[in-house]
Each structure stands twice: as structure tokens, then as C-alpha cells.
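Structure record follows, encoded as C-alpha cells.
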Amino acid sequence: MILLVLILVLFGAALLSWVAGVKSHAASRWIALCSLLVNLGIITGIWLEHTHSNSRWWYQFRMDWVPHFGISLHLAMDGLSMLMLALTFFLGALAVLISWKEIQNRVGFFHFNLLFVLCGITGVFLTMDLFLFYFFWEMMLIPMYFLIGIWGHEHREYAANKFFLFTQAGGLLMLLAILGLYFVHKANTNVYTFNYFELLNTPMTPFMERWLMLGFLIAFLVKLPAVPFHTWLPDAHTEAPTAGSVVLAGLLLKTGAYGILRFVLPLFPIAAADIAPVAMLLGVAGILYGGMLAYAQTDLKRLIAYTSVSHMGFVLLGAFAFNEIAYQGVVMQMITHGISTGALFIIAGALYERIHTRNLRQMGGLWLRLPMMGSAAMIFVMASLGLPGLGNFVAEFLVLLGSWQASHVFTILATIGLVVATAYSLRIMQKVFFGPCDRQYAMPDLNGRELVIIIALVIVICWLGFHPQPVLNTSQNIDYVIR
Amino acid sequence: MIVHPTTAGMLLAGVLFVLGLISILVRRDIIFMLLSVEIMLNAAGLAFVVASSHWGTADGQVMFIFILAMAAAEVSVGLALILQLYHQLKTLDSDEAAKMNG
Amino acid sequence: MMGTAFYIAAFIAILATVMVITRYNIMHALLYLVVSLLAVAVVLYLYGAPFMAALEVIVYAGAIMVLLIFFVMMLNLGKESAAQEKLWLKPRIWIFPSLLCIILLGELVFLVLQNHQPVSEVKMVNPKEVGIALFGPYIMAVELTGMLLMAGIVGAYHLGRQKEKTLHRFLENDQS
Amino acid sequence: MFPALIPLIPFISALLLMAGWKRFSRIGVTVTGCGSIGLAAVIAIIIAMQFSANGEQAIVQHAGNWLEAGGFKTGFDFRMDALSVVFVLVITIVGFLIHVYASGYMHDEPDYARFFACMNLFVGAMLTLVMADNLLLLYLGWEGVGLCSYLLIGFWYKDPANGYAARKAFIVTRVGDTAMAIALFMLFQYTGTLSIPGILENSTHVWSVNDGMITVIALLLLGGAVGKSAQLPLQIWLPDAMAGPTPVSALIHAATMVTAGVYLIARTHTLFELAPAAQTITAVIGAVTLILAGFSALVQTDIKRVLAYSTVSQIGYMFLALGCGAWSAAVFHFVTHAFFKALLFMAAGAIIVALHHEQDMFKMGGLKNRLRGVYWVFLIGCASLAAIPFVTAGFYSKDQIIWLSWSAAGGHVGLWLAALLGALLTGMYTFRMFFLVFYGEEKTKVHHQPGNSMMIPLYILAVLSTVAGFIELPHTMGHVTLFSNWLQPVLPAVSVLHESLAMEWTSQALSALLALSGIGLAYAWVVKHPKGMSDFLEMPAIMWLRGYWSRGWDFDELYNVLLVRPFVYLSRINRRDLIDTLYTGLGAFMEWCHNVLARTQSGLLRWYILSVVLGAVAILSVLIWRIYL
Amino acid sequence: MSFADFLSLGPLITLCAAAVVAMLLVAAWRNHRIVYSFSLIAFGMAMAAVIPAIKYIPHPVPPLLVIDEFSLFNSGLILVSGFIILLLSFNYFEEREERKEEYYILLLLATIGALVLVVSRHFMSLFLGLEILSISLYGLIAYLRARERSDEAGIKYLMLAALSSAFLLFGMALVYAFTGHMDFPGIGAALREAGYLPVSVMAGFGLMLIGVGFKLGIVPFHMWAPDIYEGAPLPVAAFIATVSKGAMLVLLIRFYQDIHGNDYPMLWWIVAIIAVASMFAGNWLALTQQNIKRILAYSSIAHMGYILVAFLSGVQTGLEALAFYLVAYFITSIGAFGVVIVMSSSLQDAETIADYRGLFWRYPWVATVFTAMLLSLAGIPLTAGFIGKFYVVLAGVDGHQWFLLFMLVINSVIGLYYYIRLVAAMFAVPAKGQQTTVVPALPMAGNITLGILTILLIGLGVYPTAMMALIQQMMRILV
């Protein structure tokens, strides 16, 4: 029941903040913030309660929805879901905070969309019914589309359309695969069900398994995004408002990774093992290709967007390494990438508020004016290049350590990606904060609100870097697939 | 040559039908087009009667009557419409009635 | 009995129809069409449907064609439209559609000839049977035909009415 | 006392300085910055004493778990053993001196607090590196010092060149780190742990000598070491790193960080012993590097670049020693080098400040009388670097290496010759610099005299550069082995093949002679016959050679052509993302389809009818086709 | 005619009577409001008449008609749709035409035609139903006869409909000639008896498909659709998009089932090609179209393609999916046209995308409704369209029609583009000086109707179970 509450709180708050937004902008913001904090509180409570629990599933909730098809409102939470939800609410709350000043138009509708996306994401992370999963999967697109399309930058419509089309295309393939699985299961057991647990271990022919797996995988690869399905991402990230970018990078991409861990691997173990070399290749390609593209960008947000491509390559690499170390690394990477990239987008947004450009060529020497922001940027740039002591390192190291067992060549290539990461990450610092400064006017450094956001992020990323054990313990409770 | 009577009738209907079709395709005058449709309907009616005579049932002929009724209704509405169009376009050229496209 | 008469009638029908579609003058075409319809009436008769033949002559050749002729006369479509028609009917225009239609005919003929039903004589269906069928099982259809004609009438009534001289605003828009 | 405190204190002070930012007064910054290092040094000394009192039993402190996942477990374990103690002492003591020096050197810097924050962070990271009990923690320190190096090279961020140098340093060392990371994966795969004692213990069970896999691992570790220690082929970053403030060059790019590679190899010496091939390669790399860097140092005009190349060259000696299996000799040279190179850098810094940030040696000259104190300490440093026999620490440490490069089990006559050539070059470039700076006519006015905070550390280091050598004397001169004995529990003694006193004498005499003749040449070149020399130097072939050497044998250019430019070029031309054009093309195709189809919607009734007929024909055709064809 | 016949044909008879009375009413007393009210009542009564008919199903009225769950359900659907379209019509015509009353007669007649199609199981009733529908539509499409585009649309529709009727008739004649039956079960039985499908009969089916295809607006008989949607009065366009197509589709299903169409792969092949072509043509044509009416026309072409996928799946689920999709499609289409209707002023139909730019910020309610409708057309969750599409895909997977499904997926993505283009336009922030000239009428009745439609749309999207159960119930008869 508590799981349903998590979703309903967001849904109710979404409607409420829309309504409230008509009268008062502040009310809308506070409602959004509070609802997310409430959820964050709930999640924290759950986490603390279950720190030492060894049970696989912490909560289950089940209610018939469309019994005709065997569709039920089936929610369940395990460690992975919990971690993802914690990230969701944390970044969600930050997203509300960073929009406090940035969004001045149509505030109510903005928060409606924001909360609605988060509601969809929460659903994705909780649902154990494949139909419901697809339902939430699609549901989160529309508000995201609006977030980009209404409050975005110059080319917002193009970006929003592209985002929408790509993810929909993938989603429809997944729908086919879900239904395929549904009928395969029916053929075996004569039971129509979309229930995840019942669909696990469905016997099927290798041929069928391969195609169904591909349907799922492609949807998740698009969302992840893996090369060559990544091209929606730079546009969407670049054009979205800061909160949109944070939610996109921090959460939406994670749904793809989550899908791979939750569905592709357990449902189709054999086919997944067969495709592993290709998947790992795509992961490595993402790491290197994304890094190379990131290096070449002149638009700050676009650069950060491409780093996401690069970082999510590790997720793909690790997920298909089929061992526990890599798996834990993947979970870590999902969280730390959310934090670090989210933070970089927040910084990019804060910069944009001050200098009204995202063009790296028009920046430089800002450390002089914005030392605090510069330091914050430095920390997250370092996180992004995988400096030990920050969360990303733990994640990437575990992924690489695990994937080494699976494939030497891919691991070596991915490790080389770290060098590329250094190149593009340092470029951010160099172009934005270092070098000569030709801006004469003073500009305010981080204000109190921004400082709170940044400090929260810094604390989390450092905590994850030095003491990731709680997260690792939690994600340990999951069945993972070992070849 | 002894031809299967039903077949012969159907072939005649077919030929007439296609002639009507050619006519509607090559003509631009709307009245001609309406005329051509009538030829085609008539051919279809003929086919029904031929079939009716093959099976010796009245169904086909009943159908013929309905076709006739429909043709009459059609022509009346059609002519009214053409009249209206003529008033607007001052021509009966069907190509002129191509304001909507794309 | 059947053979010769049928061929003659069929020949006339086809010939007249060809004339219809090749005439420039609409009046001529209409008159040829009447001829064609009369020939078809003969064919109908030969196929044991005298009542239908009568209806063909009365309703088709009589009513409908006359309606058309009146209409053409009302609009006073004369030489001008014939000249125009001549202008339009160029081989470039008609050759492709005609070819296409010939192909269609070929296919139809081919498919119809594929049939291997037992040869049967033409069976006479007298008007009485038709009447019984019409007002027996098919009475519902007759009722519906009423609706059909009503739709025709209402439609024709609404559409055919002459405009009042006050210009409608849409028309004003169109003219501006 | 907890060993963990030693790195922790600098870390905490770094955090304080960062957080305090503008609230700290300048004095507060100085006290926090220098004091913390001093405190760390004191604790280090106490622990060292404890350690030696304990019968040299390694002290290991488990300061908490780090991560544990799927059979992989590692924690914050700090270890104090003989090797760590040496490094920790050098780092804290030299670090403290340099901090004190820096408080004077950086006195007018507006970003004073940031400087000390980074410096303290560096010391913390470096201490973590040398005290780590497992390779992951070592890696943390390893990367941490890289970060600080980056931050400090680019400290004066307004000049893009500095930023470039900083990035270059970071990226080039990262290349080495990549190799090292892979080595870590392999070590974990085969030994099941990343704990250093564990690895060293397991390695002998897992691999036999000359096993292919251990060779690969050793080479990968060597790759890491080569990157950090600026050895061939990754030496290119160090000369550029001189863009940072001079105390940074002294601390990071001379005394401590660049020797991390030496530490790593010494630490994992068991692995290298299992892989003689890798060891030989280490020696060769060291030998080649020391010569190439020596030649480059010979033709530099920037005083700090001379010192940078000399650092590369001296670390080459250490690698040579490591490659020959002379572990303690390498570490010994590290110690003496830390002293005299820090001394030289700081003295050079003093000169630079005095001359108002002039670094070109050809614009100096005649400073002998203007900067008396600096003159003397610089002379001592140069003497030690050039290994003037008997009185300098550098002589003892370097001479040991030269001798062992021939006599040790891993030695070779070629290596020995290279080492000797290096000695000649060292003498030459060191004193070329010395003479250029202090003799001749005065070309730039002395701006102001260095203060006490700068001079006192110099004096202390000058003393250390002289006396430090006496803790390890060769057979021929008293045979004191304090230092190697100290290291004995950690690093095995070198196995000497040619134990001949006469040969050792010859070698020492030769090296001393070469060093002195190098000095003589430098004297002749710079002081005696500047005219004649310059005629010689102006010859086209020599000009070219000078340029070639001064560009560091064009390694930069080589990498530019091979790696950097292709990468940048590829990424530039692909800025719009080739794959995206694929999708754009798809979109365009869709639009084309739309346009074609839209034309069919011509609005012409006849055309619509035609399409119906076409449809009819098509349907019947399909029928006929399916039935009869 | 027995009492049972009478009761089960209640809706049809009610409407027939109403049409006659309405005509008399107009003749006696020409008043828009009264005729409108009368038509509403007539529709209401007809809908009410569905209820007593339930008791008698299945009830064939040989030889022409059959009343069973299937036809009754679809009758209800058609009546409700007609009713809603009627609701939306009043304000539209109030402003536009000096003689509005005949519209209601024609609309009643057209609905009768559709109802006949739905209940027919004989060529004769098929033909008559079709023609009643067509001939009423000639009048309806050209109803605003002073408008040039209306006349143009009318003449195009008339010519093409007559042409396609001729094809249909000729096809029927062929089938009749070679099977001797005109009722569907008779044909089916004759074919079963023959054990194969004679080629002439096949040719007959092929030609009939032209007539059917024309009404459905599927490739290559689709070309009329955009022009007619654009030229016809908006409520009429809505009627054509839903009732006319739906009735034809229902008839197609019944015919196909009665002749055991699944036994003849040939038919499957032809329809499959048409389905794929329709999807592509519809979506491609709509891609950069600026006129919303035309977009809706093209979208309906594509949607017919999707529906045909369900039709072709060859499984029971397919028919259920088809019925559900039809319901969803009806709601969505009428809703979309409803929005255009309420947005149109008396001076001008709001038909270009430019008219909708920034609509959300001016009329959030209408824009929200339109967004919901468009998303439903695109098949996005929380809407009936999503469940519909899901159902179709489900059926396709069930029938292993992977190729068709793949095409459907591709087309869904292409289709998305223009739907969200519209949505984007509505949410775009209008630039200064870019204001549209359209001043929407926004009548109360229209808004309420739209509200109901939206609730239905979302309701079906969130809780489709009840509707699914109903559909499953009624589809049993066809197995």
C-alpha cells in the first residue's frame, strides 16, 4: 500500500500544484517540493528499516486492473527499486528547487509536468506488471515532452519531437515484445498474465527468446541511450530547462538501465548472454564515441549531454558482464551518474542564468567571478572523469573490474575511455572557469538556494565515493544474473 | 459458336461497364461523367439480370429495380449539385473543381 | 432464338456506347445513350426479364435520360461546350486511361471465363415472381428504397434551390 | 598514534581552507597550511620511531571499510613499514619546508588560501599513496596527486597556456593510470585481492618466474609508473608542468609526486622479480630517459625547464636502479634527489622572484654577488645534482646506481655506459645553468632579496643535501649500509654478480671524472669561451640539434601527429554527429515521401477516379498473379 | 413482420419514422431549434429502443437483416455517435446557413443508412444501406452550398461514391452469378460446398472491395477523404469519419465472417497490402500538412490501416480489438472534430495549425481536450486510443502477424510526428503579432459534449475492463 501512496502523493501533488499555480506561484512550488520531500522521507524510512533485511522483496501490492488480460496493478519494491526511488525523489526535490527562479512562466503547469514525470518514473521503478510498466513508461514521456517543448531553449520543439519519436519507437518495439512474451507464456501454461514473477523462467525457443529480448533491449538502449540510438539525447538535454535536463539525465536515462537489469537479463537469460558481446560492444562504443563527441562540443549543455552517452556506456558494459561486481557497479553508476551529471546541468543552468549563453567560446575566466561555482564544478567534473573518492569512481571501477572477467578487450577499451573522459571533462573547466576573463561586470556567485542544492549534491557524491557500502549492501539483495 | 449465355451476358455487361469507365476517365465535363456513371450502373444492373436468369430466381431482378431507383436518386441529387457548381464556377469543367489539394 | 438477337442487340449497345463516349456534343451523346439503353432493354428481354426491359425503357431511357436532356437544355450547353470537349479529348488525355480500362476489361474477361459452371438455359423469371419477391421477403428493402428516394429528394431540393440574391458571407470572402 | 592521522590532517586542513575561503586571514591560512604539514611531519616522526622501536614490525591501521561487492573487498588500510616510513618522512619534512618557503613565495598572491588548500590536499593524497595497504587506496592517492598536480599547474588560470599544461599533465598521466587500472583488474582476477601484502604473497603461488601473465601485469604497472614519473614515453608533460608556481614544481614535480612511480615499482617489487623481462624494460626505459632528458636539459634556456629535464633524468636513474634490482639504491636516490632537487627549485624560485619573474637564464647572470645566500645553496644543490665526489649526497646515491647498473644481477654494461654518459651530461647541464645564472655580466636588476621564510628552508635542505649521503656509503668508502638495512624487511637486498672492489673503484672514479669533466666543459662553454662556443652553436646542424633537443626530442610533435591531432580532428569533423545525420536523412526521406504523395492529392477528380481504377486493376492483377502465376 | 421483428428493429424503425416526421415538420413549420430538438429526441428514442431489442437477440429477420449482439452493439455505437454529432451541429449551423432544417432530415437518413449496413446480411440491404448513406451524404457534404469548397467536395464525393457503387454492384453481380445467393450465409454455404473459391467469385469480391474500400477510405481509394473532410461542414466530416466508416467496417466484418474469409488466403493478402499501404500513405500524407481537417482525414486513413491489422490477425482477439479500437476511434475522432467545431467561428472554420498556435494559453480547456484527443489518436497511455492500439497489437501478436505489426510500429512513430506537431503548436508560446484571426464560438453545448467525450476517453484509457467485457460478450456471436 505504501508503494501506491508514493505514486499517489506525486499524482495528487501534480494536480494540486497546477491548480495552486493559477493563484500563486510560490504555493505551486512549495506543494511540489513538499510532496517530494514527503516521498523522500518515506523512502528514507523504508531504507533505514530494511538496511539489514535479507528478504528479497520488501513490499508488494497487488490489485486487479484488467483481469480480462491478466493485467494487475502490481507494485513491488526491492533494493534496486528503493535505490532508484531515493534518487528520483532526491533529484526531483532538487529539480523543484533549481526551477525556483528559472521558471517564471506557467509555473503551475510546469510543476504539474515535473511531478507527473516523476510520478511516471516512480511507477516504472515500482511496477511488476509488464503492461503497467509499459503504461508508466509511456506516461512519463508526455510531461517530459512538455517540459522540453514549453520551457526549453531555442530549438525546443525540434528537440522535444526528436526525444518523443525516439523513445516511442523503442517503446513500441517493447510493447511487441511484451505481448510476444505474454503469448508465449500463455502457450506454455494456458494462463494469460503480465505478471513479472510469473513470466520469469518462461520456457521458449531460442529464436523466440532472441527476438523478444531484442524488443526489450532496443527500447532500453534508446532510453539509455546507447550508440547508435543516442542522437535524441544531446538535443533534448541541451534544449530542456535545467530541471528538465536534470530529470532527463538523472532519472529518465536510468529507467533504461533499470529495464535492462530488471527485465532483459532475468527474463531472457540465455538470449541476453548470447547478445552480451554486442551489447558490450555498444557500451564501449558509447563510452568512446560519446566521449569524442563531448570533446568536440561548443555548447556546454550539449557537452554534458554527450558525457551522459559516455557514462551510460559503462552501464551497458557492466550489465552484460554477468557478474556481481559489475552488476553492483552498474547500480552505483546509475546513481552516481544521476548525481554528477545532474549537478553539472545545474551548474550549466546557473551559469546560463548569469551570462545568458551556453556557448563555451563566450565563456572563460569565470573562476574570478564565481569561485564557489567553479569549485563545485571542479568537484563534479572530477566525478565525471572518475576521480577516486567520488562516487563515479567506485561505480566505474566496479564495472570495469567486473567486466574484465567477461571480456578483456572491451574492458581495455572502456578503460581508455577514462582518458577521453579526462580530456572532455577538463575541457569544461578550461573553457568555462579558466583562461582570461573578458567580462567586466560583476555577477553574483551561488546564492543560498543554489548553495543548498550544490552542497547536498557534493555531500552525496562524496558519501558515495567514500562510503558506498549502504548502497552496495542494498543492491546486493537483488537476484542478479551470473553466467 | 455456342457461348454460355450467362457468360455472354456477363461479358456484355463487363464491356459496357468498362466503356463507362473509360468515359468517366477521359471526360472532363461533369455531365459526361455523370452520364458515364449511369452507363456503369446500367451495366451492373444488366449483370444482375443475367445472373438472375441463370439461377431462375427473382433476386437479381429485384436488385435491378433498386439500382434503377438509386440511379434516379443519384442523378437528381447530382444534377442539383452540378447546377450549384455551375453557378459558382461558370463552367462544367471538373478540373476547375480542384481548389482543395495537397 | 437467343443467339442472333442477342449478338445484334449487344453489338448495338456496345457501338452506341462507344459513340456516347466519343461524341463532343453532349446532346448527341445523350441520344446515343438512349439507343444504347434501348439495346440493353432488348438484351434484358432476351434474358427472360421482360419487366426489367420495360423498366429500362421507361425509367432509364425515359425518365432519367429526359431529365438529363432537360438539364442540358436548361444550362444551354451548345456548340461552345462541344468545342471545348473537342479540345479536351486528345489522344494524350485518353490513351492511358483507356489502356488501363482495357487491361481491367481483359482481367475481368479472363476471370469470368475461368468459370466452369454447367451450361444452363436462360430461365424466364416472369414479372409476377418479381412482384412476389419484391413485396414478399424483400418488403423491407422496398421500404428502405423509400428512404433512399427521400434522401435523394431532400438532397436535391436543398441543393438545387436557387440562391437568393443576397450574397452569402462566404461568397463575399471567396470573391474578395 | 594512528598512521591514518598522517594523511588525514592535511586533508582536514585542505577542507578547512576550502570551506573557509575568504574568511581566513592570510596568517590563518599560513598557520593552517604549514602547521598541518608540520603536525603531520611530527606524527610521522613519532610513528617512525615507534616503528623502529617495535622491531620494524609493519604498523597497519584499518580505518574503515571502503567497498565490498561480490567478493571484492577493500578498505581504508594504512600501512607503515620501512618503505612507507622513508617516503612519509621525506614527504612530510620536505613538504613542510616547501610550505614554509611557499608562504613567503606566494605572499602577494590573491588566491593564497586556494593555493594552500591544494598543496595540503596534495600532501594528503601523496601520503595516502605511500601509506596505502591496498592498491585501490593507492590508486586513490595516485589519482588524487594527479588532480592536485593539475590544479596547481593551472593555478594561474588566467593564462590559457597554464591551463594547457595542466591538462596535458593530467591527461598524459591518465594514460599511464589506465594501464595501471588494467593491471589492478588483472591482479584481482588472479590473486583475488588488491591488498598489497596479499598480492605479493599470492603472486609467488600463482605465477612462476617469467610467466607471460605476470609480465603483462608488471608492464602495465610500469606503464602507470612511467606516466606518473615522467619516463619515456610519457615524459612529455613534466617540462610543461613548470607553468605552476615554483613551490609546486619543487614539491610535486621534483621531490614527491613524480617519484610515485618509483614507489609503486618498489612496492610491487615481487611482481617485477617474477617478470625479469619487465624489469629489464624498466632499466632500459630509465637509461634511455636519463640520456634523452640530459640532452634536452643541456639546451634549455628556461631555468625551471632545465630543472624539469634534470628531474626526468634523475628519475631515469631511479628506474635504472629499479630495473637492475637495486631497490634500495633507487629509494636512496629518491631521498637525496628530493632534498637537492627541492633545494634547487626553491633556490631557482628565489632567483625568479628576485628578478621579477624572469625565468630565462640568458637574461640572468652575475648574480653571484647580488644573491649571496641563494648562490651558496644553489651551488650546494648543483654539486649534489652533479654528484661531486665525497661531499655531496647525490654522489653517494648516484654512484651506487651507476655501479650497480653494471654489477647487479639485472645490470648490463650498456646500462652502465648510459649511466656514465648521464653523469657527464648532468655535470654539464647543471653547471651550465649555474654559470649562466651566477657568472658573467648582470643582465637583469635584482628586484628584492628573498625573505627569511624562503631562505631558512633552503639552508635546511642544503644541509640535508650534503649530509644525507652519509647514511649509505659504498664498500670502497667505509661501507655504511644504514639505509639499505632499514629497507631490508621490505625490499630485498640487491644481488651483486661482479663483486670486485677494483671494478667498483674504477666505476666510481670514472663517474666522478665524468661529472667533473662535465662541469669543466660547462665552465669552458659558458664562462671561458662564450664566443667560440656560440660560433659552434650557431652552426646549422648544431642549431637543428639544439632545437630538436630543446623540444624534448620532438616527442610532443610525435604524439600530436599520431594521437592528439587525429583525435581532435576526428571529433571536430564529427561535431555534428555522423549518426545523427543518418536520422536526419531518415526524416528527410519521410518528408520526400510526403511530398511525392502529396502530389497525388492533386484535387483533380479525374485523377482520383484513375486511382480507383488503378486500385481495381491492381486487385485483379494480384488475384491473377496469385492464382495463375 | 412479427412483434419480435418489430422490437428488435426498433432503433431503425424509430429513426425512419422520425425522418418522415421531421420532413413533415419542416414542411409545416420551419424552425431550426424545433427540428434540432426533435432530432435529439428521435435519437434519444432510437437509443432507448436498443434496450428492448436486447431481449430478442440474436434475432435474424430473413432474408435481409440480422439483429444480434454484434449489430446491436454497433447500432448503439452509431446512434450515440450520431447523437453527439447532432449535439455539436446546432451552433455550427445556426450561424451558417439560411436553411438549416434539411440538415437534420439528411442526418437522420444517413444514420438510417448506417444502421441498415450494420444489421444487414444481404446484398440488397447492403446496397440500400450504403446508398441511403451515400445519397444523404451528397446532400450533407454540399450542405453549405454557397461555399465553393462544399460544392466541390460534394461533386467529388458523388462521382467517386457512384463509381465505387458501380464497382460494388458489379462485384455483387459476379458473386451472385456464380454462387446464386445474395445473402451472406448463403454465399458462405455455397462456397463451403464448392470447397474452393471460384475465381469469378474471387473477382467479385475484389470488385466489391473497391466499394467497401472507398467508404473506408483506404489506399488506393482514399483520395477523396482529405478534400471531402475539408469541404464538408465539420459535423458532417465527423460523421463521415466515424459513422460512415464504422458502419462499413462492421459490415465488412460480418461479410468476412459469414463467407469464412479466413479460408481464403488470397483475400487476406489483398487486404494486408491495402492495410500497409493505407498506414504509410495516411501518415506520410499528414506529415507536414497544415490543414487540420486534412490531417484528420489522413490520420483516419492510417487508422483504418491499423484497424485492418486487427482484422487480419485472424484470431478472436482481433475482432475484439477491432471493436474496441472502433469505440476509441469514434470517441477520439468526434472529440477532435468537436474541438475544431467549437473553435470555429461563424466567419471561418478553424482549420489551419496557425489557428491553434498557443491555444493552450488562451483556451486551456479546449487545448487540453484537443491534446487528449490527439494523444489518443497517437496511442499514448491514459487514453482510450492507447488501449485500442494495445489491443490491436495484442491481437496481431496473437495471430503472429509480425510483419504487419512491424509496419504498424513504424507507422505509429511516423504518425506521432504530426500529432505532436499539433500538440506542440498548441503549447507554443505565440509570438507577438502572430495572433490568429479565429475567434472561437465555444458554445456551451459543445463544451459539455467535449467534456463528456474527454471523460469517456480517459475512462476507457484507465479502466477499460467494463468495455472489454461488453465487447467480448458481443463478439462471441461471430465465432
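Note that the chains take the letters A, B, C, D and E in the order they are written out, and that residue 1 is the start of every chain.
In the analysis below, contacts are C-beta pairs under 8 Å (C-beta built on N, C-alpha and C of every residue); 3 or more make two chains touch, one makes a residue touch a chain.
Per UniProt, the chains are B = NADH-quinone oxidoreductase subunit K.
Predicted, not measured: the structure shown is a model, and the values here were computed from it.
Participant: Return the chains shared as contacts by subunit A and subunit B, ordered by label.
Facilitator: Touching subunit A as well as subunit B, we find D, E.
Participant: In terms of CA centroid distance, which chain is the most far removed from subunit C?
Facilitator: Checked the centroid distances; the maximum from subunit C is D.
Participant: By number of C-beta pairs in contact, which chain pair leads?
Facilitator: Of all chain pairs, the one joined by the most C-beta contacts is B-C.
Participant: Measuring centre to centre with CA averages, how many angstrom lie between subunit B and subunit E?
Facilitator: From the centre of subunit B to the centre of subunit E is 26 Å.
Participant: Could you work out how far the Cα centre of subunit A sits from that of subunit D, in whole Å?
Facilitator: Each chain's C-alpha centroid was found; their separation is 38 Å.
Participant: Roughly how far is subunit B from subunit D, centre to centre by C-alpha average, rounded to an integer in Å?
Facilitator: 95
Participant: Using CA atom averages as chain centres, what separation in Å is found between subunit D and subunit E?
Facilitator: Centre separation, subunit D to subunit E: 77 Å.
Participant: Going by the contact rule already set, what residues in subunit B reach two or more other chains?
Facilitator: 6, 10, 14, 17, 20-21, 24-25, 28, 33-34, 45, 50, 52, 54-55, 57, 59, 62, 66, 70, 73-74, 77, 81-82, 84, 94, 97-102
Participant: By the touch rule stated above, which residues of subunit A touch at least two different other chains?
Facilitator: none
Participant: On subunit C, where are the residues touching two or more other chains?
Facilitator: Those would be 97, 100-101, 104, 107-108, 111-112, 115, 117, 138, 141, 145, 148, 151-152, 155-159, 163.
Participant: Among the chains present, which pairs are found to touch?
Facilitator: Pairwise, the chains that meet the contact rule are A-D, A-E, B-C, B-D, B-E, C-D, C-E, D-E.
Participant: Given the complex with subunit C, which residues does subunit E contribute to the contact?
Facilitator: Result: residues 16, 19-20, 23, 61-65, 98-99, 102, 105-106, 109-110, 112-113, 116, 124-125, 128-129, 131-132, 135-136, 138-139, 142-148, 154, 174, 178, 198-200, 202-203, 347 of subunit E touch subunit C.
Participant: Subunit D touches which residues of subunit A in the complex?
Facilitator: The contact residues of subunit A facing subunit D are 162, 227-228, 230-231, 234, 292-293, 295-298, 323-325, 327-329, 365, 367-368, 371-372, 375, 378, 382, 387-389, 393-394, 397-398, 400-402, 404-405, 411-412, 415-416, 418-419, 422-423, 426-427, 430, 433-437, 466-469, 472, 476.
Participant: Can you check the complex and tell me which residues of subunit C touch subunit D?
Facilitator: These residues of subunit C touch subunit D: 97, 100-101, 103-104, 107-108, 110-111.
Participant: Taking the touch rule as given, give the residues of subunit B at its contact with subunit D in the complex, in rising order.
Facilitator: Per the touch definition, subunit B meets subunit D at residues 21, 24-25, 28, 33, 94-95, 97-102.
Participant: For the complex, give me every residue of subunit D touching subunit C.
Facilitator: 610, 613-614, 616-617, 620-621, 623-624
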